[in-house]
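Below, subunit A partners subunit B and then partners subunit C, in two separate complexes.
Now for the complex of A and B:
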């Protein structure tokens, strides 16, 4: 146990918080210098819609989950199940509304399963959601003869779906409005509600939360349901954009979302997951995918570069934190 | 005089603001059983952890057989023949007896015995010292506490120790097993092994030891021959008298029963605990580690429910199955493990204060910032919490102020039955006095206070009544005016004659 004396914050502690924004700006400038296409307003909007929005929805849910001390490896499954149900129903002639609601319902079942395993059976979030990930992947493969995509070819509510994917309100894509809504929702939950305070206490000190009589189980249920809801939304938007359901395509969300939340913690003094940080993290990944492509790196080298950059950002951050707390 | 087998000199160890050891000495002669006694928190386990290389002393020296160690590590002291039988057997539950015995002693390397010889030797030791067989394929996790201890002792004896240290060895043993252990310890002494025997059961120590060192507040206040010293004198030495008059007493009229406990039993921990706590009353509860006192608090607060018996709060009887249920009935617990259970260190004073009472400060789930700020401001002022501001992290506060934040949490939740577990441990004297004042203030306002403490002067100073638990039962109900710390301690250690006693 160490002494609990107040101490001044060394400069390192302040520096660490600008690591992520600085890396973001530096990368932006580098890409802009190399690729003229990168810096066009059209491309920036493209990044926001295609590389940022959907991962942002998933990562916002993940922000809640990680704040509550958990982890959700089943985000891709929730997105995929939503897409699978909605696309299948539409392909069989169901209306847009019913299909979307069924999709969201499917995603919520995934969240329910996560929460059930974690709260009732006491399985650690990592293992519980890993199990759901495996089950969810198998279910998709069984339902699609081993992974055959389902394309919307005829007889589907094309106009409604198009609006979902490409519609605009006040000149901005609908997708971005949905992200903005999710941002407000998660931010308000975290900062202004008893639910948010409780989930942060549960994440920070589960035993203190229990000793203080907090509704630990109820909070945990809600957290995983909210995460699944946001993932389901991302899954539906994805299928609306590509007019199809491609099995297991949601898995790409998982690592980016977890990565974004942790990169985002670096801008918080207490190293907490936070909405702004998560958004920066998602943008960081989205810009990397887009920028590396435009400067002509092939896909496999992109993955290596992204991995290295994540190491660098987190490395700098944790190293300076360690220097800060060493006594 | 021959060189001592083991000499610890002028040990100092501080944890934050607390001085756990303050120039403590322990010198153990060869071939003697040397007792080390003291109240909870006197520094016994700190000394042993320093000797074992688990803690590093701030200053002082460790000398083994004339050789002063520059660096104390578990490996170094085992090499010099010191073996510690820890209170909690440090054995891996999923290992077999044979694996546990030979852990760390890889056979066949250098001059070490071969595995076969060691196994033979282990069987010899178990057979000759304990007169029994232990199936070598049994899992450690399946063994009884006594058998786990035998495995630990055997492991030490395999290395032919010069000094064997027993840390509270009888805490988890039944009487018959304890007697067998005493026989073993005497035999080892007669064979030339030096023994350090740590216990707070005084009659055990008097019966067994050749010399006894008494620790108090991190200092060795006396080393004496227990056979020539009356038990009462040893008890007096153990009691801390340096605090002086620091208990702001105030007469509070005792009100209606707030908490009533009847026939409360949790097998293996406590039996038939009965008491009633009234509004305006401060009731003390004391007992040694392992007496069950802590578990009684845990049962009342719904952390580890009792098997039998009833708990009645404000005239309503019903099981308490969880802390949330206890809090709804007006209970609040200030736990001993403040940092693990009482406060969230990385959350702010404000967030910690309202953690258990957000329901009262929200409308449609939204926290009213204004009402929250107002509540927190009032409590900071009322409790005199020294903090840079309501948004400072609790981690940055002193121990005493952290403790006040825990109290603030329950005040904010409008609790009226306060359970406190060692509330003044690791808090400086000035903050202690403030905590006493706050408890008196709570009682004055009609709250009921149950305080579990090992600080006997504290109990005598602030309580209206004191209950003493010994081996899971309430053996004494005392009034502070009619008793002395010596009497309370004698009751807690079983030296007062009532209750069970091992050596009797």
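Now for the complex of A and C:
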């Protein structure tokens, strides 16, 4: 292999792969230079807890799904259903444990439905999860009379919920520990288990995987259930933080998670989804939101800037990848 | 590199002997016919049910109303269908334009702002079309020029458009009035409003363009067999870029109808995106070769439109609409994939 590769190529390949990290560092330095608040350790922690953790959980699930050649548009539904069930139960006086378990159960039902439609009915993941997204929106609207938020005002397990949202272990927020746990779980699953190998094979060459006798269906079920589980966790953490359930609020996760996973593929040599890349992508988005706010950009301009920056990063990395394979 | 080598070899695994393919093709053709007729039967059944149950549904005025309410969605879905047709059906690697909804919102805002700034109608219309085309061009540059996956490129452009709309409107309603908007709402001919006629004209022009001209035929070749199209000497890149610009122009046209209907611009236009994706992909069940078509797209849009309208007449809560749309698409696609699987495997 190495003998047939022209001399210039490895350097070119390195260049593509550093586009995203380089953009991340450059923007970090720019924000740090303009805003003294931005570079304080407190703000970095703030970014990690408020702009990074929950999208990271969803994006980790999306990393598995996209690695397996699928896509999950129903991530917001899984997060919302989990929050809806948990908050409704708590409002009616249920204990914290039961409510959280019911929430996760609700999220898993969404994952089950996705997997059922994809494996048994043979619907493409995009359309299957799009259908589930539509149905999930209707379910929430019907359950909340058109989208009325449910606020936890009194008579709910406040201490437990507070701990979930703001608790600390060894000086670090509980949320970050959960994200770390999810990172380890997804990384180990992807890189060191038979499940991970099957999943990547299915993603790379579905037909070859099928003809090689890999357990395509079982792997697909697991992938969508894991994604739904992580989304449900994100939904529960969100509702614990804001002490309420706002219908359809989880949809904000969907496009950011997809974007983060694909931005993350730019650091991989084979342009595959990977955990580190996804985390970089999520941090990139989170840092942009926080940084643009702190350097005083209007909320509306932030969105334009984020769109443009993502456009530029994607453009550079895909263009250089294309130039590489063309020469 | 290694993944490319694999991808080149992949078709070898799926090749079958010629007569097997022949039999499969015949069977697939028969099945797609069943699906197509079944879908049209479902459409007729829904119409028949609502005409029997919902008072005033089959009334000519109400039908015009359905068409009127569906026009914006239909024009956007036409754009999506053209992009999917040119890019190929694979949703992630093929053609898709997620920026259509945000482009609509931006174009409505641009028209409203330009109109309120004292520009004449025709200048405002020109600026709006310029905006729509520019957004399409941005997509084309990213997808064709830089080689970014359409799903991602149009996602980034969607963010840019949604942000630009917010900057222009400050997230508020911008009311506007102009002679053009007035006549779009006010005039009618043969019982159909200007909006209805625009939709009819767009449908006819696009059907002829996509299904009846050399450009359309070659576009389908580009979408179906890109390598073969390139080998045959087609300028694949130009065709692909053209589809995104065409989609952008259709979004601008839809924006002017939307501005007339809402008397200006109001936030939230981007929410239409998922319905656009739904109706465009659903259109494939109305086509013989299971490809998106303009006629099929129109049928899907009218199907969804009459469902919503029928529900309104029956006083069913509008909260059901999304769910019914979701079940519908799953049903249609499941029937299609189950029958093709039986034929293929």
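Everything below uses one rule, namely that the second predicted complex is superposed on the first by the 317 of 327 C-alpha atoms of A that agree within 3 Å, B and C clash if a C-alpha of one lies under 4 Å from a C-alpha of the other, contacts with A are read in each partner's own complex, and residues count from 1 in each chain.
As a working rule, a residue touches a chain if its C-beta (ideal position, glycine included) is under 8 Å from a C-beta of that chain, and two chains touch if they have at least 3 such contacts.
Everything numeric here is computed off the predicted structure, so don't read it as measured data.
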{"item": "Which of subunit B and subunit C A:255 touches, first, second, both or neither", "value": "second"}
{"item": "A:75 touches, of subunit B and subunit C: first, second, both or neither?", "value": "neither"}
{"item": "Touching partner for A:205 - first (subunit B), second (subunit C), both, neither", "value": "both"}
{"item": "Partner chain(s) touched by A:270 [first = subunit B, second = subunit C, both, neither]", "value": "both"}
{"item": "Touching partner for A:214 - first (subunit B), second (subunit C), both, neither", "value": "first"}
{"item": "Partner chain in contact with A:310 - subunit B first, subunit C second, else both or neither", "value": "second"}
{"item": "More subunit A residues in contact - subunit B or subunit C", "value": "C"}
{"item": "First, second, both or neither for A:126, with subunit B first and subunit C second", "value": "second"}
{"item": "First, second, both or neither for A:197, with subunit B first and subunit C second", "value": "first"}
{"item": "Partner chain(s) touched by A:104 [first = subunit B, second = subunit C, both, neither]", "value": "neither"}
{"item": "Set of subunit A residues, in rising order, touched by both subunit B and subunit C", "value": "204-205, 207-208, 211, 270"}
{"item": "In the complex with subunit B, residue positions of subunit A that touch it", "value": "1-7, 192-195, 197-198, 200-201, 204-205, 207-215, 270"}
{"item": "Contacting residues of subunit B [partner subunit A, same complex]", "value": "15-17, 303, 322-328, 333, 335, 339-347, 351, 354-356, 358-359, 361-362, 365-367, 369, 388, 392-393, 395-399, 402, 409"}
{"item": "Residues of subunit C that touch subunit A when the two form their complex", "value": "1-4, 6-7, 10, 13-14, 91-92, 98, 138, 142, 145-149, 151-153, 155-164, 166-167, 170-171, 274, 277-278, 281, 317, 319-327, 329-330, 333-334, 337-338, 341"}
{"item": "In the complex, subunit A residues that touch subunit C", "value": "71, 117, 121-124, 126-128, 130-139, 141-142, 146, 204-205, 207-208, 211, 255, 258-259, 262, 270-271, 298-308, 310-311, 314-315, 318-319, 321-322, 325"}
